[in-house]
Amino acid sequence: MEFSPVLYIAIPLFAAFLIPLLGKVSKTLVKLTPGIVFLYLSYGSILLFPKAMEKPIVQVVAGFKPPFGISLYYGATAAFLITMVTIVGFVIWLYSYKFIIREPIEKYYMLFMMLITGSTGILLTGDMFNMFVFLEITSIAAYSLTAFLRDKDGAEAAFKYLLIGSFSSTFYLLSVMIIYSYTGTLNFADIAGKIDLIPPMAKGFVLVLVLVGMGIEAEMFPLNGWAPDAYSQAPSPVGAVFGGIVVKAGLYAMIRIVFLFFKTPEVMQFLIFMGILTLLIAEMAAMRQHQIKRMLAFSSIGQMGLVIIALGIGTMGSTSAALFQMFNHALIKSLLFFAAGYLVFHSGSKQIEDLEGLGYDKPVTSFFFAVGALAIIGLPPFSGFWSKLLILVSVAKAGDIAILLLILTGSVIEAIYYLRAVVKLYTRKEVPDNVRRTPISGLVAMGILAAIILYVGLYPGVIEKWLAPAANNLLNAADYIKAGLF
Amino acid sequence: MILYILIVLGLATFFVVHRGLKGPTPSDRIVALDNITTITTAGLVLLGLYFDRYIYIDVALIYGVLSFIGVLTLARYLEGGL
Amino acid sequence: MLYYIGAISLILIGMYAVLTKKNLLKIVVGLSIVDSGVNLLFISVGYVKDATAPIFSMPSLTADKMVDPVPQALVLTAIVIGLATTAVALGLVIRLYDHHKTLNINKIRQLKW
Amino acid sequence: MSRFLFTFIVLFLIWLGFTTSLATAELITGAVLSLIIASFSYKTFTVEGLGFFSPRRVVLIIKYLFVFMIALIKANIDVAKRVISPKLPINPGIVEYKTQLTNPTAVTILANSITLTPGTLTVDVIDNSLFIHWIDVTTKDPEGIVREIGEDFEKILKEFFK
Amino acid sequence: MRKAIAILLLAIVGYYFINVFIHMPFGEKREGVGKYYLENTVKETGAANVVTAIVVSYRGFDTLGEVTVLFLAATGLGAILFGKRGEKRRLQGASVIVKTTSMMLYPMVVLLGAYVFVHGHLTPGGGFQGGAIIATGVLLMFMSYRHFNVSHNALTWIESLAGLTFATVGLIGLALGTTFLQNFLPLGTPNDLVSAGIIPIIYIAVGFKVGAELTGVLDNMLKTIR
Amino acid sequence: MGVVEIIGWVIIVIGVAFLFLGALGLFRMPDVYSRMQTATKSVTFGTMGTIFGVGLVHPEWFWKTLIIAVFIAISNPISSHALARGSYKMGIRPFTKEENMDDLEPVVDKSEDEEE
Amino acid sequence: MSWLAVLVLVLVVVQIIAALFSVWQKDLLLAALGTSAISVVLSVLFYLLQAPDVALTEAAIGVALSTIIFVIAIKKTDRYEE
């Protein structure tokens, strides 16, 4: 059977329905299932990758042509991001294999798998309402996983996330409704062709609704109140999924809708403005944090701000740089969360102060944290360097010096707090003998990520050559319409 | 014809809603809810007659069954069961 | 038109409850009211005057005298999703009550909001 | 077995009422579903089994329905009068009704009949006394209460569950 | 203060709403996919109920997602409330009347639920509604008998098998060389019970699954200690 | 219009009249129990009548309407009984005159409790 | 204005009253009751809008299940709002 994009959804769902039954046989089987699924999906996505880069694959579900049936749009951008998602998902699974020891394990793996599948669905779907459904799958899995540790703060963070998340989905549903009522269709490509049927007032309202609705998932500035709490209270692998995968899916959805329906200079200006606000405010906030995971969360928001700025500029170069940055951020932030998870575990405290001296006690984990920190700041020879460089170059090309300076300011702040944490890590201090060990699976997971980061840093061409088609696919609405409606 | 009857039902609903808003004890309000659901069942059947669609009767049937269970839950809560 | 007014007022009332109320359960109630409002709005968008339900149960029915079925199908999904969200929310509320012994938001706040 | 068959038959009859169709597919589906549902609920559904279908009982059921209908209509008119009259002539109280029925199903049917006929409302059941809220208490004497409220019902029920 | 801000915000939102919806035509016919569905559903899917056909056939992927959402909610609730079951406490029992009637009504309510999901393609209703009705019927027993227990094992099996059935039906379509969730059964005559291809199969699976899931949710919530 | 249909309409009208009176009773009565009396019973009767009447007007709908009517006849007294019991257990006492003393008061706590 | 429109007006008014009631009410049980009443009216409105499928779903989920899980949650937590 040829690998088809619909399997990205069907196989994890099949596995999720199977897991309760497997749980009756053995726990190990349950633990292995998501790994096998993600391994297979990464294999399939790599197989499919060159094809999708050439020409978007539009897969129809239930045998009805779009716009009547739901279609899956597996274009270059989606292929790029989904390949990243499946690989990162596999690595995160590897990490959580030993990290999650808390019952109910099968529920954890089910929710974890569906969280990633929901994000994949958001990236994959070519139908507006279908995106809502996947958004809800992602959100509900995310709420439950945030509260998975069942402590005070976890439940509170999850409730806060749920509150904001419900608003987001309500707004998104409203926008779907207004669009449907004027255009009479739900397929993205079809809507994009008929978008002028919507009167300007309603169009503006829809834009606001989409920006608010998806901006919550994409952590845009005023709407990201949930993120730090959710990131820091969820188990570390889940934090990695949030930062590495879910946010990317939300951002992709938002950008896809904006680029397809509302691509006017004013909107792009607005995006840049919001991106700058997000970047600066988040970096300032990250500076003031004392808990390591909250710091990572704010830094993640800041990075998203950077990506939004790059996307808002909207040239070919900046868009591909933004995609590159998304790719890097997914890897690096996952690595940071992994390392931070074990550092917190070893030191028994979430505070940055208490990390002192761990660099000597737990050299490998600390080393990976340092690698991640240096990479995200954008130092060569790590991959973060290239994406940041590309963004700066494209901004400079667009001729906006003020934005350039603001981004640099943000980066400097970021460098300060990351280096502070790293320095703390390597401050010599007498540490009581610690018997806790970082398990092999965790180290392997971190190792894989660090190796990819280093490799891409040394040979950026591996990724760079795919960026152009991906960015082109995102920018070129006419192609999308043509392919989507075949 | 049916519409006039429905208006009478609407008027009856207003009495019940009044009780639901005013009713000094929670029980009063639950009684009001119970009555609203019963009246609504009748109204749904009449509307089915008005639209002349047989399948609409199903809705009334299920509605009657489920609203009963809802009210029973509330009653059991008052009792201290549940 | 009346339907729109009713639905929009439901949405606004629900949002008001979510924004101002201090009680966790009240907030969840507000969310479910908003959901109801959105559903009603959606269905009324699909309504066609003097049409009947999109079910071909009798031979006398024709396609041009039927309401738009798509909003109905979507709202069906939306209602079930709303129930799922409500259930998870209530589970979280029970958890929070377990930890704090109160439902008041101001007393629960430990993380910065 | 008898109980299982009884449950199955009742469910199948209800299914026929739902579908109001005699197409083969409907009948088969109904039979299968009734079998499945009966298989896990027959233990609680009935204690008697097929005995419910004996002709004597069918006659009694019809008779009961008849008596019940008459009581229902009479009582409804009575209450309607009370509601309309401006003075609201009511004299409520809770009285104890000692029943001789022991079978829980019989008690339930009696209590439901009493509740459905307006003017009386079963508030609680403790052992074999029903506590009834009576909108117009005319007598406080136990036998009088039985006579006024539910003697007709009780007689038939006693015979039915003999 | 908080109220003032909220009211201001709502006033803005409400203003936009009214402005948008005052121009929205009410009760007019629309061109678009809805029209296509009305004209072609019976021909293409064989289902009399167009809404069901859209939910299960045209937009079957949504329904798969929807089932997953409910499944996740049940799972998530189980994870959130994990380890909070049990502990004895005194409770008011239900009266004899309620108990007896619940016993009588329980099979009927379940049968009604089954009726609703079996006839999903002919009459209003379908898997979700039927499942909800079944769960409510089980709740009736929970309320009357504190000791009434559903077997978690059975629930898990029903849930998983029903879910697998849905996914497998979809994958069969793919394996036959067509697309995911495509119909591969004869359509039959509309308005017959056995018609509309895979729609009844999917709805029966959904009905079982939703019934089991919602029962699990109710059980989880009811048996949680305070 | 056949005879059966006319009878059906008459039954519907009577049913709605009772229903309305029941609602009026809910409005006028002084305490919870009396309200349940008039309201629930008359409303149930009225609803049953209405539904049954519809069944007569449309003979092919008869069986289903009969099922609804029977179901309402079974379920409504249960819910009102449960409500009455709940209110009593909650401590709401009926509005009575002096001489109609309350027989349930001394024994109310005897009804069974269960251990969970 | 047709009589059906009057009926819709009545229903919409009842619905808004119920929504306000459940928002203002300090007793959470009654707030849950209010949402139940909203669902009741909502399902009639769906019925009037020729959406029996949705009316059925709303009846099954809004009137019964949603209210029930609210009541259970109230039972497991606190009934009154401070």
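Order of writing sets the chain letters: A, B, C, D, E, F and G. Residues in each chain are counted from 1.
Basically, a residue touches a chain if its C-beta (ideal position, glycine included) is under 8 Å from a C-beta of that chain, and two chains touch if they have at least 3 such contacts.
Values in this document were obtained by computation on a predicted structure and should not be read as measured data.
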Lowest number of touching-chain links that must be crossed from subunit B to subunit C: 1
Partner chains shared by subunit A and subunit C (touch criterion as defined above): E
Selected pair, greater C-beta contact count between D-E and B-G: B-G
Chain located farthest away, centre of subunit D as origin (C-alpha): A
Chain at maximum distance from subunit G, centres defined as averaged CA atoms: A
Rounded Å distance between subunit E and subunit F, as computed from the means of their C-alpha atoms: 31
Euclidean distance of C-alpha centroids - subunit D vs subunit F, Å: 14
Interface hub residues of subunit F, defined as touching at least two other chains: 22, 24, 36, 44, 60, 64, 67, 74-76, 78, 80-82, 85, 89, 111
In subunit C, residues with contacts to at least two other chains: 3, 16, 41, 44-47, 52-55, 57, 66, 70, 72, 74, 76-77, 80-81, 83-85, 87-88, 90, 92-95
Overlap residues in subunit B, where contacts from two or more other chains coincide: 13, 26, 30, 51, 53-56, 58-59, 61-62, 65-66, 69, 72-74, 76-77, 79-80, 82
Contact pairs between chains, per stated definition: A-C, A-E, B-C, B-E, B-F, B-G, C-E, C-G, D-E, D-F, E-F, E-G
Subunit C to subunit G touching residues, read off their complex: 2-3, 5-6, 9-10, 13-14, 16-17, 21-23, 25-26, 28-30, 32-33, 36, 39-40, 43-44, 46-47, 51-55, 66-67, 72, 75-76, 79-80, 83, 86-87, 90, 93-94, 97, 102-104
For the subunit E and subunit A complex, residues of the former touching the latter: 16, 19-20, 23-24, 30-37, 44, 57-62, 64-66, 68-69, 71-73, 75-80, 82-83, 153, 156-157, 159-161, 163-164, 166-168, 170-171, 173-175, 178-183
For the subunit C and subunit A complex, residues of the former touching the latter: 18, 24, 27, 31, 34-35, 38, 41-42, 45, 70-71, 74, 77-78, 81, 84-85, 88-89, 92-93, 95-96, 99-100, 108-111, 113
For the subunit G and subunit B complex, residues of the former touching the latter: 2-4, 6-7, 10-11, 14, 17-18, 21, 27, 29-30, 33, 36-37, 40, 43-44, 47-48, 50, 52, 55-56, 59-60, 63-64, 67-68, 71-72, 74-75
Parts of subunit C lying in touch with subunit E, wherever the complex brings them together: 1, 3-4, 8, 11-12, 15-16, 19-20, 41, 44-49, 53-57, 63-64, 66, 68-70, 72-74, 76-77, 80-81, 83-85, 87-88, 90-92, 94-95, 98
